[in-house]
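Take a look at these structures.
Heads up, the next two complexes both have chain A, just with different partners, chain B and then chain C.
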Partner chain A sequence: MELGPFLNELWIVRYILLEGLWRTVSISLLAIVAGSLLGVLVGLALTYGALPLRWLMRGYTDFIRGTPVLVLVLASYYMLSTIGLQLNPFEAGVLALAVFCSSHVGEMLRGALQAIPRGQTEAAKVIGLTFHQAFIYVLAPQAIRHVLPTWVNTAAEMVKASTLLSIIGVGELLLTTQEIISRTFMSLPFYFFAGALYFVVNYGIERFGKYVERRTTIPS
Partner chain B sequence: MTKLLEIRDLHKRYGATEVLKGVDCDMAKGDVVCVIGSSGSGKTTMLRCINMLEEFQGGTIRINDEEIGYETVGGMRRRKREREIARQRLLTGMAFQQFNLFPHLTALDNVTLGLIKVKKLSRAEARTIAERWLERVGLLARKDHYPGQLSGGQQQRVAIARAIAMNPLLMLFDEVTSALDPELVNEVLQVIKDLARDGMSMLIVTHEMRFAYEVANRVIFMNQGRIGEEGDPREMFVTPKTERLAEFLKTSTFR
Partner chain C sequence: MFSQCRFAAVLAAAAILSTTAAEAQPAKSKLDDVLSRGRLVLGTGSTNAPWHFKGADGKLQGFDIDMGRVIAKALFGDPEKIEFVTQSSDARIPNITTGKVDITCQFMTVTGERAQQVAFTIPYYREGVGLMLKANGSYADYAALKAAGSSVTISVLQNVYAESMVHAALPQAKVDQYESVDLIYQALESGRADAAATDQSSIAWFMTQNPGRYKDAGYGWNPQSYSCAVARGDQDWLNFVNTALHEAMTGVEFDFYAASFKKWFGVDLAPPQIGIPVEFK
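Here is the complex of A and B:
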């Protein structure tokens, strides 16, 4: 295979590809941020909520985690419109990914909070901290450290899952690549190039995670 | 003179199992009381009722004539509000068997947390108090170490400093040397002895008989959820009145 023609085509479509990459990054970012915020609420409800709320949230996380992300994406785009909620493909896709992300973050946070020995809460109580204060100053800092590595993993999963939005016509990196290929017939180099871009994004996320982990490790 | 601690007919159940079957206990200011007894006799549970780490179903606990944990409204006994209980917990300080230091905070920050967030002291004031107590337990030089960087004995001394810095009326010690390697036990017991010399009121659950003998002005022997015997350690340990205590002392090691 000649490299020249590919580089030539690549130069021609550089802005289109960049736009696709940017859309992938923004979809992922929005899904991770919204999903994590929602996930914190889910995790708190799972851990400290009154029993009915806990059951509800357990049902939510089990249901979402047991559903393929592609199904969530399709449901969010096609089903919500039937109940009058008109979302464009981008919004519907971000919503689906955020919901998916929230169920994972919620479950991670619950696990992390419950893994903290009971003695920590008791020690916080006996120095007079209220539950609220104990959570903020004692439990949360420990839970967050515990969750961090898995959370970074989830973030990388979101980037990969964003490719599923190509199915409902969101012009993210994969769909953009496919469109370019259908015009140039250079499937191998362009798929390879897209794969490399995904790798760079996820590798960056992973390095960032390692860095934060190093910074927050408790010396021992 | 009002009593510092007054426990009357304390009953505590876990489901169908009654672990405290009517315990009475009085302490005056400056008293050092050691609670001994075999495991499962209810000594730790009694301690944990005093600061409401455990709920109890019957009886009253008073500290400085203030009823702890429950109030009677219109003939109905009910738990006090969480905020009120949090305030009452400040009447006592507690050191645990497992230290329970906050692993993400340095020794100094472990001690200052309560001073800043609960007592609302400024950072500088809290630091001064914390450093004074860390010096008292011999760990000022390690104030910036995290719990994971300290030995068990050092962690326990920080935990004691954390409790005492809050200036409680009564210190509760729950088997504070049971999780320690034998060679680390003495440094912790020495800290408690020093506090006793200062006149700190303390209620100490312990398996260290020699320590109880030396430090306590009164010993309570608990047996199957009741107080089996109590009195001056010099008499109790030498001439136990009950057979149960005699048996218990025989199986205990004085070291």
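Here is the complex of A and C:
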């Protein structure tokens, strides 16, 4: 494989590729942020909610987690339009990924909160903390530490799942790469290059997670 | 009991009356929607040259795109008034049936099964499989390849039907399957294959990109029609699109169609004969 023609083509499409990369990053960021916020609510409802709410959320997480992301993407693009909600491919894709992300974050948070010994909640009550205070000062700091490693994993999954949005025509990095290949016929080097870019994004997320873990760890 | 029956009968009669009243009004066609919107929402792909793909400038181009331009020009007198919805091949029919697009032009093969789900326009291209040879290679044309029997190797895109497809034209040829289009061309270039079998449009496009290096073996098989498609049940819209495409191939927009044909397939089309319309000859 000669490198010259590839580098030449790469230079020609540099802005187009960057645009695709940016779209992948923004889809992933939006999905991770919205999914995490929603997921925290789901996790709280799963742990502390009244019984009917807990059942409802259990149904939600089990249903969403048991559905392939591709099916969620297609459902949010096609099925929502039948009830009159016309989302463009980008919005529909972000919604599907955020919902998927929320079910995972919710379950992770539930696990983390339930792993904290009951005695701590009771002790917090004894010293006169309200539930909100107990959550913010006692439970949440510990739960966040538990959740971080798996959360980083979920965030990386979101970046990878964003490739599925190419099916509904969102010009993210994978579709952009395929578009370039269809013109240049250089499939191997451009797929390899896209793979390297995905790695860089996910490695960045992983480093960020490590950094937050370091910052939140309790010095021993 | 009797009064209940009568009540139901009145309800039914009212329902019938109201539906006939609705039908009496002329149904609004997609054509009116598109005209009042001021742009055509065209569903197409972005990853298949020379049909629909992005140039180095990132803009969509290709023969399918040009067919969209023909329709936009007929609608607005301006071929650029198009909003593109890029979609994968799998999304072609769902995007039509759910109203995401006004029309799809995306090298769509007309089949009976598909025609039950969407309404096809008249075809704007007839696709077939062809064989590409090296211009200075040892085989002159299809007859030479066929005469050589089992000593020729054909490179083809990996596919369940690839072997039987090649054998339909060259019964004894050895068939090498490759994973991607660039590899079947590379096999021909490096001499591992004597000819590459793929869509004739792909061959034509590749030859315009690499002038003088390759030639078409001059035989086509596996015919299929490419048509645009619209939602079923709107004859007015379908008629309009058909008229636009028809006049591009035979009437006032022929020069546009011919220039596009030349650009993407490298072939000069003879103008339709003047006098009695070609359809009635």
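Keep in mind that, in the parts below, the second predicted complex is superposed on the first by the 220 of 220 C-alpha atoms of A that agree within 3 Å, B and C clash if a C-alpha of one lies under 4 Å from a C-alpha of the other, contacts with A are read in each partner's own complex, and residues count from 1 in each chain.
The rule is simple: a contact is a pair of C-beta atoms (placed from the backbone, for glycine too) under 8 Å apart; a residue touches a chain by one contact, two chains touch by 3 or more.
Computed from a predicted structure; not experimentally measured.
Contacts of A:Gly4 after superposition: neither chain B nor chain C is touched.
When both complexes are overlaid on chain A, the residue A:Tyr137 reaches chain B alone and has no touch with chain C. Shared-chain residue A:Pro52: touches no atom of chain B or chain C. In the superposition on chain A, A:Gly84 makes contact with neither chain B nor chain C. Of the two partner chains placed by the overlay, only chain C lies in contact with A:Ile16; chain B stays clear of it. In the superposition on chain A, A:Ile127 contacts chain B only, with no contact to chain C.
Contacts of A:Gly119 after superposition: chain B is touched, whereas chain C is not reached. Once chain A of one complex is fitted onto chain A of the other, the partner contacts of A:Arg145 are limited to chain B, with no touch recorded for chain C. By the touch criterion given at the top, residues 46-49, 53-56, 58, 85-88, 90-91, 94, 98-100, 180-183, 185 of chain C touch chain A in their complex. Those residues of chain B that touch chain A in the shared complex are 51, 53, 82-83, 86-87, 89-90, 92-94, 96, 98, 100-104, 113-114, 117-119, 145-146, 148-149, 159, 162-163, 166.
The residues of chain A lying in touch with chain B in their complex are 117, 119-120, 122-131, 133, 137-138, 141-142, 145, 218-220.
Remark: chain A residues 12-13, 15-16, 19, 78, 81-82, 89, 166-169, 171, 175, 178-183, 185-187 touch chain C in the complex.
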